[in-house]
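Take a look at the following structure, please.
Which chain is which? They are A, B, C and D, in the order written, and residues in each are numbered from 1.
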Amino acid sequence: MNLHEYQARSILRAAGVPMPDGDVASTPDEVEVIAARLGGKVVVKAQVHAGGRGKAGGVKLAATPKEARELAGKILGMTIKGLTVEKVLVVPTADIASESYVGLIMDRESQRPVFMVSAAGGVDIEEVAATAPEKILRLPVDPRYGLFPHQAMGLALFLYRDFAQARAAAGIMRQLYSVFIANGASLAEINPLVTTPAGAVLALDAKISIDDNELDRRPDLALLRDESAEDPSEVMARKAGLTFIKLDGNVGCVVNGAGLAMATMDLVKYYGGEPANFLDIGGSSNPEKVVNALRIITADPNVKAILFNIFGGITRTDDVANGIVAATSQFKVNLPIVIRLTGTNQEKAFEILNGVGMRALSDMDEAVKQAVALAKEAA
Amino acid sequence: MNLHEYQARSILRAAGVPMPDGDVASTPDEVEVIAARLGGKVVVKAQVHAGGRGKAGGVKLAATPKEARELAGKILGMTIKGLTVEKVLVVPTADIASESYVGLIMDRESQRPVFMVSAAGGVDIEEVAATAPEKILRLPVDPRYGLFPHQAMGLALFLYRDFAQARAAAGIMRQLYSVFIANGASLAEINPLVTTPAGAVLALDAKISIDDNELDRRPDLALLRDESAEDPSEVMARKAGLTFIKLDGNVGCVVNGAGLAMATMDLVKYYGGEPANFLDIGGSSNPEKVVNALRIITADPNVKAILFNIFGGITRTDDVANGIVAATSQFKVNLPIVIRLTGTNQEKAFEILNGVGMRALSDMDEAVKQAVALAKEAA
Amino acid sequence: MSIFVNEATRLVVQGITGRDGSFHSKQMIAYGTKLVAGVTPGKGGQTFEGAVPIFHTVADAVAITGANTSVIYVPPALAAGAIAEAADAGIQFIVCITEGIPVLDMAKVMPFVREKGARLLGPNCPGLITPGVAKVGIIPGQICAPGRVGLVSRSGTLTYEVVNHLTNNGIGQSTCVGIGGDPVIGTNFIDVLEAFAADPGTDVIVMMGEIGGTDEQKAADFVKAGVRKPVVGFIAGQTAPKGRRMGHAGAIISGSSGTAEEKIHAFEAAGIAVMRRPVDVVELVKARLNN
Amino acid sequence: MSIFVNEATRLVVQGITGRDGSFHSKQMIAYGTKLVAGVTPGKGGQTFEGAVPIFHTVADAVAITGANTSVIYVPPALAAGAIAEAADAGIQFIVCITEGIPVLDMAKVMPFVREKGARLLGPNCPGLITPGVAKVGIIPGQICAPGRVGLVSRSGTLTYEVVNHLTNNGIGQSTCVGIGGDPVIGTNFIDVLEAFAADPGTDVIVMMGEIGGTDEQKAADFVKAGVRKPVVGFIAGQTAPKGRRMGHAGAIISGSSGTAEEKIHAFEAAGIAVMRRPVDVVELVKARLNN
């Protein structure tokens, strides 16, 4: 789960990371009040879960509270990469002498949190990694010991020659690590970490992603989820216990298992179609999940055909069949449905579907081909 | 630093360990109020840093608030192993079905915190260790991982056959471990951990010792020190940066280094004397420390002769000589002083002392023999 | 022949009385797996299905039944603790089925597993099966058949799809291993490739990866460097968008890294025959089994 | 010959610009120790006494000067971190002089030191000296003389007292090692006994213990089991009361355990000649050197 910049800021500031004062607002009026309180020039920043806000016009500099208000009026409500801006962050401008990048990610290879720091900050770190990897220092941290002081200092000295700045940065590294561990983050990033002409070290922008698996035991973090910043169908899916990701195609997919779901989307593409979504109903085949899955998929006007691909293992295919029958009795599905079922209780499932005049296939390729063809017909 | 029972209780209760309600008091009036609030029978317990309170009459059962008041009047002010009772803890009596021992110590051999648990609780665990070691389960905990849930359960199942009780006890083990780590304890002990006839698991008495080395960085813990429960000369010594332990003999010892200080005491005994104290002035030979050391030792009326034994390494013997001179000029020392100095700046030290008519030796045995003889003469 | 589980496997099920644990324990017993013990704290002394003794702790189970392999079906919040318990009890092969374990829990417990010299498979994996001998986890036994193809995969049902094609076409398997889709896992492709390479019962290896991370790329390097047996590969997620977690916590393209293209390219560069569709496994494996 | 430090020792001083660090660094240089680097974060680039380069980090010191041994004089709150830094930088022999380190800090850092394959001496110890060759720590050089007696002790000034007796009576030392008086230490009696037993330059071993713990008893068992060289022993604290910490954090009789009597008894049972007074070391060692 990605946090908004303003949420990441408040966590980092609480941990002691020096960041400029500032506040979040959802109306131009509030923005003007905040800008007046801060005094001087301010930056108005769109709070959306999308990169490239600046290029999209979501980050603006204002000289006066009045200008801030005007700019906020333009930014609030604008759409960036399909997401509507509901909130803006207002912060004072900072004089910048240097910009660095400090990131901490959960690294798959070392199976540890890994620091990545670079004096080439303020830009896309991926680009630095691709073009000038020697400008990045990587340090895996053993969570059994935590970040040793000398490790924090080593990272900081890679960024700053000035020792006072390095000492300040080392403190920030340690705070960032604490935040990462305390919040079960998968990513915690300060970009840029700047120095001011006076020599202070400040975090100007921050990004934190929380491991979704932490949220069950961390209701405090789960509360930070901003559903207004998400696709409504994804919100609905999550509440129904489904994993759903909206795409741009027209073949709606209902699959059990993440790997098979991806392979199904790939096969739709292989046979010339475009998947409308990723949807994994998971291992437990509660008919209710199937009903919800159909509700979500049919809500997408792009969808022209629906493809079920179920390989019964834990999932009982008769449960899925019952779910399909229940859904079609609860609401009208005006779309062709192609059903592929195989595995556990397959005969029973076929019987159930035949009972309501539906037909199921047992071959995946055949089912995908049919669904693609039907979607093309309808389009 | 040993905490009082009431202090240990409040730390454990804050961590969630189930303990009967209760409160601490320093007057019989307060005791009566607490006993009335608790209702029913109460136990009045002397709060002193000494074992065997019960045998010494420091723990009494009272049927009514009035009786509690009367008993408190007797316990408050009494002396147990040389320590005056300034406070009592008042707790309700508990019906007890079983008593266990749960202790956690910093173990030198494994270099880890080690749990010791025994179903033979409520008694001296050392006796159990000596007579029936098989009744004690020991478990070292790797602080890098903390106490794993299965370890807590393993300890609890050693104590209780009833699973609900074991589960409750496992929770208490984990809380005790957290308290140990969070407070830099060298010992944290619940004795007894009881079960009630209704099946509840409760901690009735608790003991926590904090590693003295934690106190510098933990002012919150340092505040728990109860100086009224300590020998005033030891309090004064600690404030002066000296390590001082009062003993019963008549040869006052001022030594640099803990090992040499012990060896000096031993040598006093070897030559037929009795050391009045352990006193280590430490490595830095600030003359002020020597002045304070002399002040503390001369305050003990038992002391009949003073023995300096200084082997100069880091400690500069001339600093010590200057301290002796300063002390004797600041206040009258009406006791014979034998000074042994050797090592760093020895010649200078001898000169300084000769300058005020004092004489120093360089041989330890000779100095000890003289001091013992002088103490005997004076006694 | 087989890898990781065989005739000597003596299995303890952690969480045997839970919904998933009991369902799959019955399946494992029915398949013929030597399921010697169950563990559910609080139910020690009872028996499962009238035959399998249940213990409060894994240590008891090991002491009394000689269990040497464990499979874990406990809720995510307790799963890392269950892994530690198994390793601490001397279990040398631990399979964790549980999905949804916080990654930080895994990062903390993995060094302990290693210190104890144990191997962990998973978490968030379907387990493994040596057809005809033993199944540990949730892979349906009826879609497998004994044979000489070793299969390793990050996913569950996709594995079934592929195994099903093999079995339906008369191609049996030595062992089918699901390593799981989480970012931090105990056994990776290379570990399994190494075992298959050394297994005289395995002639062809099928490796099924997906987007996210670089495990497949490293596995490809490993194959190129020293696996003498033919390898057939698949990568799921060619149509996955960037930056979205595709169900599996590990299945996410971070920036430009971990894409299907880059993995397929690495496979091809290592001489791994790449399936475009799951069904392609049949022809690709057949051609290599005949060699 | 000697143990732990010798002609190949290249020393880095952590905390070289502090009060104690700078005082003792001068002494070590004066004694002839190859003091190749100092570390004080924030003073990197400066030099100590116009000759020794100072670095921000131990890693830099190792990379540039080839330091292989470290001695630590930093305040207690920073000392465990300094130990970790030295071990992480590849230093194989680390001497920590600092007194007052919280025991929990030591319990946490010791496994790291072990993982890195380093040896730690101390903390809260006087260090060690190989007379005439190198001194690392604070043992006064002038009271030592080269020779064939190996000395190991928990304390500082008591060691000086005994060494002084030896030197004044013409008995030199191979190496004098102070292991420190804390409950959790990196190198214990047995480690040092083992090294002296294997050192061809050591003929007689003097072991000086004190109350608290069971290290001396275990050392006695070790001597009995396999040290072929004569050992002379001393235990300080016969007159210490129970339950009081006698200066050293480790010097405390807990209940009935760790008393001087029990330790002296263990020494005698192991054939260790026990000194009643420090001065007794002379006759006891002399008698054994002549053998």
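The rule is simple: a residue touches a chain if its C-beta (ideal position, glycine included) is under 8 Å from a C-beta of that chain, and two chains touch if they have at least 3 such contacts.
Please read all numbers here as calculations on a predicted model, not as lab measurements.
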Response to the item:
Of A-D and B-D, the pair joined by more C-beta contact pairs is B-D
Worksheet item: Quick one: chain A and chain D, Cα centre-to-centre, how many Å?
Response: 55
Worksheet item: Hey, how far is the Cα centre of chain C from the one of chain D, in Å?
Response: 51
Item to complete: Quick one: report the Å distance separating chain B from chain D, using the average Cα coordinate of each chain.
Response: 28
Worksheet item: For chain C, which residues are shared contacts with two or more other chains?
Response: 108, 111
Item to complete: Indicate the residues of chain A shared as contacts by at least two other chains.
Response: 144-145
Discussion item. Can you tell me, using the touch rule above, whether these chains form a line, ring, star, complete graph or other shape?
Written reply: other
Worksheet, complete the sentence: Listing every touching pair of chains gives A-B, A-C, A-D, B-C, B-D
Item to complete: Would you tell me which residues of chain A are touching chain B in their complex?
Response: 144-145
Discussion item. Please output the residues of chain D touching chain A within their complex, sorted ascending.
Written reply: 41-42, 44, 56-59, 78, 81-82, 84-85, 88, 108-109, 111-112
Worksheet item: Within the complex, which stretch of chain A touches chain D?
Response: 144-145, 148-151, 153-154, 157, 163-164, 166-167
Discussion item. For a test of understanding, state which residues of chain A touch chain C in their complex under the given definition.
Written reply: 106, 108-109, 111-113, 126, 130, 142-144, 181, 184, 186, 211-214, 216-217, 243, 245, 247, 255-263, 265-270, 275, 278, 280, 283, 311-315, 342-344, 364-365
Discussion item. Using the touch definition from the top, list the residues of chain C that touch chain A in their complex.
Written reply: 20, 23-24, 76-77, 99-104, 106-108, 110-111, 126, 138-140, 143, 153-161, 164, 181, 183-184, 208, 210-215, 234, 236-241, 244-251, 255-257, 260, 276-279
